[in-house]
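Chain IDs A, B, C and D follow the sequence of writing; residue 1 opens each chain.
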Amino acid sequence: MAKKPLNVGIVGYGFMGRTHSNAFSQVNHFFDVPYRPVLKAVCARDAGKAKTFAEQWGYESVETDWRKLVERKDIDVIDIASPNDTHHDIAIAAAKAGKMVMCEKPLGRSAAESLKMVEAVEKSKVPNMVWYNYRRVPAVTLAKQLIDEGKLGRIFHYRAKFLQDWTISKDLPQGGQGLWRLDVDVAGSGVTGDLLAHCIDTAMWLNGGITKVSGMTETFIKERHHNITGKKEVVGIDDASLFLARFANGSLASFEATRYARGHKALYTFEINGENASIAWDLHDLHRLQYFDHRDEGRTRGWRSLHITDGDHPYMDKWWVPGLQIGYEHTFIHQVADFLDAVGGGKVAAPTFRDALATDRVTDAVLKSARTGQWENAND
Amino acid sequence: MAKKPLNVGIVGYGFMGRTHSNAFSQVNHFFDVPYRPVLKAVCARDAGKAKTFAEQWGYESVETDWRKLVERKDIDVIDIASPNDTHHDIAIAAAKAGKMVMCEKPLGRSAAESLKMVEAVEKSKVPNMVWYNYRRVPAVTLAKQLIDEGKLGRIFHYRAKFLQDWTISKDLPQGGQGLWRLDVDVAGSGVTGDLLAHCIDTAMWLNGGITKVSGMTETFIKERHHNITGKKEVVGIDDASLFLARFANGSLASFEATRYARGHKALYTFEINGENASIAWDLHDLHRLQYFDHRDEGRTRGWRSLHITDGDHPYMDKWWVPGLQIGYEHTFIHQVADFLDAVGGGKVAAPTFRDALATDRVTDAVLKSARTGQWENAND
Amino acid sequence: MAKKPLNVGIVGYGFMGRTHSNAFSQVNHFFDVPYRPVLKAVCARDAGKAKTFAEQWGYESVETDWRKLVERKDIDVIDIASPNDTHHDIAIAAAKAGKMVMCEKPLGRSAAESLKMVEAVEKSKVPNMVWYNYRRVPAVTLAKQLIDEGKLGRIFHYRAKFLQDWTISKDLPQGGQGLWRLDVDVAGSGVTGDLLAHCIDTAMWLNGGITKVSGMTETFIKERHHNITGKKEVVGIDDASLFLARFANGSLASFEATRYARGHKALYTFEINGENASIAWDLHDLHRLQYFDHRDEGRTRGWRSLHITDGDHPYMDKWWVPGLQIGYEHTFIHQVADFLDAVGGGKVAAPTFRDALATDRVTDAVLKSARTGQWENAND
Amino acid sequence: MAKKPLNVGIVGYGFMGRTHSNAFSQVNHFFDVPYRPVLKAVCARDAGKAKTFAEQWGYESVETDWRKLVERKDIDVIDIASPNDTHHDIAIAAAKAGKMVMCEKPLGRSAAESLKMVEAVEKSKVPNMVWYNYRRVPAVTLAKQLIDEGKLGRIFHYRAKFLQDWTISKDLPQGGQGLWRLDVDVAGSGVTGDLLAHCIDTAMWLNGGITKVSGMTETFIKERHHNITGKKEVVGIDDASLFLARFANGSLASFEATRYARGHKALYTFEINGENASIAWDLHDLHRLQYFDHRDEGRTRGWRSLHITDGDHPYMDKWWVPGLQIGYEHTFIHQVADFLDAVGGGKVAAPTFRDALATDRVTDAVLKSARTGQWENAND
């Protein structure tokens, strides 16, 4: 059946520009959704690089000023795939222009920024979504299903970590292309907004709200050469961030993110322990879910390693056959598919800007607690 | 830079039609190759289904007779993604028409069929390739690199298995849509040509030629309803096939394929033991390679679980960042990329039809040995 | 060569009475140490059970009052394997009587109790040791070696957990035989003293002193039937205990212990991330050590799963052949072997009472922090 | 209660002398059996070493001629822990003298030798057992229980391997202390009798009789220095041995043993695939059993990693608490416990000499098939 075109204008051509563009390109090959994304324009300050990117992905045009992109009549959705310090202004302008807005995470550099963005999209009543893509790993979506069905029973514990090791070298500069995540002015924070935000988004989706936190952060390398200023400057981001937390449902939690865990490239992992069952997952084997069910017969009770590649696993009926795994970029395809379904059906696709604001409130509280040495409320 | 178009005509819209189409669609998004595949036509007997497929993947036209497709002037490459009994005729006609030919594996239903196909493409001197996609799993390609660099030393042992469990039910019919692999007339053989062929292709690529084999096969369910004749008929395929083998380099090997290994969906696994190092891999975690190096210091010597997601791993500089895995379909994209590079550079991309013929000679020998109860030569 | 007898008097015949007795029985079969433990007497209030135990293990005599045991001239070492509330009095009396003292962990029910015990053994100058047996898991001892050799470089992170699930049922009573660990008067605390104490002992051995902590505890089941009083009573122990910590070397840490982690029986696990290498271990596969060395060549760099069964692994030259694993009880045998070697050589075998006091100071600080909501110093 | 003494005379003080002596020493500490083994005498040609061994393990006396040991009135059971070439004569003499006989595996160096041994013990009607210890790994015993309960349904496949890497060096001599396994005159064969015999014993216990085999062997190092003759001599043993097999129940099997699998120390592993469930196990993590049950709900169906440390697992109620693993030597303790129970109850403890003869018939058939290149019957 003929699908309605949905004209996409993307800001940014970096790592996230690629994952989003791939998702828009692939969604109709695998998912029966009511819209057909049309890659109308890519916007970036460097016209040459933007043009190369446009040719590679099939964008019809190039813009070098996001304000012009936002004003274009032929654009239905603004997709923000540029660094964190650009999210606030672009999103608010896009919302005011009546565009749908998709925004990379974290939403803002602080909950204060995010709140204004939420208010803008809600005032304009435009569909909006934040790219917390890990919700759409099929194994993670299955975890959500099992929890919502009550398979775990009362929840006692939640644990999440996001471990990387790519900034251990002292020679790595801060700021500039590919390294803006080390520049606090651009990123807002270090691993707290970058990695912990993922952990928190998943956690609150699976286990409900977080009420209070006790945090600790560290910057192991205190000064780094700045790629833009050309000088050695004090590093403003956190290299590692840990916190203890209480959920509204009474469960206890421990969170950690770091870029100094040698041997781990992108090891996002969580575990949740319930009265009757437990679940564990990690990003390095994202196609598996570990599941323990205490109701199994005693002698043959054990952790089950589920290979999430079957037709009855979330999203997997759209891909290959049992045993054949999908990868990282598919999570973005799933998110676009759900977004298009939601828009087509007049529904909301989570996580919305408001959902993402809740995450930013937790990250703000963690950073505050690390400064004050006190437990801080997580939903102020 | 502008890429030359390469017009593709595909035969078949089933599972392999999807993996190939995806590969043609995606290759230019990630690989800098000299050609741009253009999806010119899909060919299938059922015009309606072919049209639906064409719309989904962006094929410009539809054919219902592969002979017409082969005759079309605007087609550069014929890609055969239809059942095994069609390979021989289409490939030979395509070669005669001067088309490049890509063919799903196994090449023919027997070495005799395959030999004629090899002669046809070699006579016409057309680029040709067989879709033994598992060579292009980055972990498997890395295994090849490590072996070729001599890291393993003298090879003592090779072991491969391909275990599935999807035909255990007696109620599964043979023949017809999605089930032609159970119909010996269409498939040529059972797991021997379907699964063992993959194991053998990889094995000979990594470890050189196989000289002799001793095989054993079994058909556990002797009769099944036939979807086309509508009657219960004797099952002609092998459900399980095992063989011992000698390689030309003196190493000993054991191979097994079955569709009756409960709990395994598509567990293709191999291990190779050398004097200095060993390697193991399995398809259920295709993004990992297990590596043991005896030269490591004694106390800290152990099997290393390599997470094949780094920029210095084969193909992986084209994808995401370390820690983020790719999946099954990427192997086909890699194969197209290598094919286009080879064609552009006037080189040969393996495995060629001739390479695939060698595999068919081994599978023929296995089936013969299972009948004779003797060791059989594997390269006659 | 003839070994000197060392006469052992043990208090307690429960789980730890068995592990200690086994260690004394087995040590001379495998280790060439200067002493031969002689099982002189077992002491317990229930004479019948003590007699059964004595017969099973070959103790020559039975006592029902530990004071009498301590006074016996024919006893060289008093081994305290009875519940926590008995440690203080017995240890001090034994020290005053000039006996060597071995004591189950935790040393006292509080750092205050432990301090008096330390003062007693140091005043009497008697050899003393606390049964933190996990230091002598060969894999853990190897971790210590690798760290001390500088293989990890600067340490950034330490993580430890001890997860169990045996007290989730509401029907489990507190107090009495086998359940005294749920009775706060006997145990002193819940998982903090029972499980976290193990984690802390290992952590400080491997990574040096802990300076400050922020803790959180929970008692999920608030009231339980008391086996001794016969009434339902408020539960005084902590069911779960988590804390963040700073080590003196600047590294950040996260600790957790719980008896409410469904699916985990005794999953003690730690990981330590250094600049150049990382190490991980868990008690459910205690014969393995996970090791990652960043200095490995890039393509073949990965976590190594070390199977700690070789002759060059700590203690393992005394056991079987490579590939054949040992189990839990062997850690106690190793500890006795080291103790006998130390006594024979006039040296100190760690962990001493003073070492164990440092652990109790951390557990006290965790419990205090959980009450105050503040970071607390861990070495007061 | 008082236990009856059972006087043990052991032949051999090597590796197996230690495992057996430990089993006799430990059994009464953990198992409530009707007998108390008394270590009466150890016999070995080297009186000095025998004396040292006797002191270490508490044997009361030493013999240097096994004929004298067999004649002693104060010996109830002769335990043969010496090299393979001694089994036949000692066992037959012991049986004639009316002693119970326990014998290391393989029973004889050939089925012909074994048959005479079987006839001797059966004629004398003495309790007899062969130390195929791996049956008593709790995980393996559990596998037996699950199969016997019908949990797997019809069996399709059996796979077993025993992989080692300790003889790869060309410098390793054959023959002499610790190396008699490389001397064909002493050992009878190489890995076939040493390692495959274990695989076959377990396989026939779990899956019934083997009817025919097709084998292949290799000796990678053709000549080695002989420790006794002092000359370089042709190596008579097989370094690697593989075979395909049919079981009487129709299932297909693949077996392999080698000492040239770099990276594997003692990796004995088996897997069995049934219609409804599958089981896998390996010796490097002997405390685990992998179990897949197809009857689990589809989304949460996966391989379960059972941690065989619970009270309802075979033998484990005698050891520690859930989560705490036992090791290699415990299998021998279990075997002694079962033997003593059987003797006390007038029953037979498997595997008997006759059971072991069946294994030797299979190994003979494998070696014969490797020579003839034919399928050979396995129970002649």
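Please note the rule applied: contacts are C-beta pairs under 8 Å (C-beta built on N, C-alpha and C of every residue); 3 or more make two chains touch, one makes a residue touch a chain.
Quantities reported herein were computed from a predicted structural model and do not represent experimental measurements.
When the C-beta pairs in contact are tallied for B-C and for A-C, the bigger tally goes to A-C.
In this assembly, B is the chain whose CA centroid lies farthest from the centroid of subunit C. Here the spacing of subunit A and subunit B, counted between their Cα centres, is 36 Å.
If each chain is reduced to the centroid of its CA atoms, subunit B and subunit C end up 55 Å from each other. Centres computed as Cα averages put subunit A at a distance of 42 Å from subunit C. Among all residues of subunit B, those that touch two or more other chains are 264, 303, 307, 310.
The touch graph of the protein chains shown is complete. Within the complex formed with subunit D, the subunit C residues making contact are 15, 19, 21-22, 25-26, 28-29, 56-57, 164, 166, 264-267, 283-287, 307, 309-310, 319-330. Contact residues on subunit C toward subunit B in their complex (touch as defined above): 142, 145-146, 291, 293, 296, 298-307, 310, 312-313.
Residues 156-157, 159, 163, 165, 168, 214, 216, 218, 220, 240, 242-244, 246, 250, 252, 254, 256, 258, 260-264, 273-278, 292, 294, 303, 373-375 of subunit D touch subunit B in their complex.
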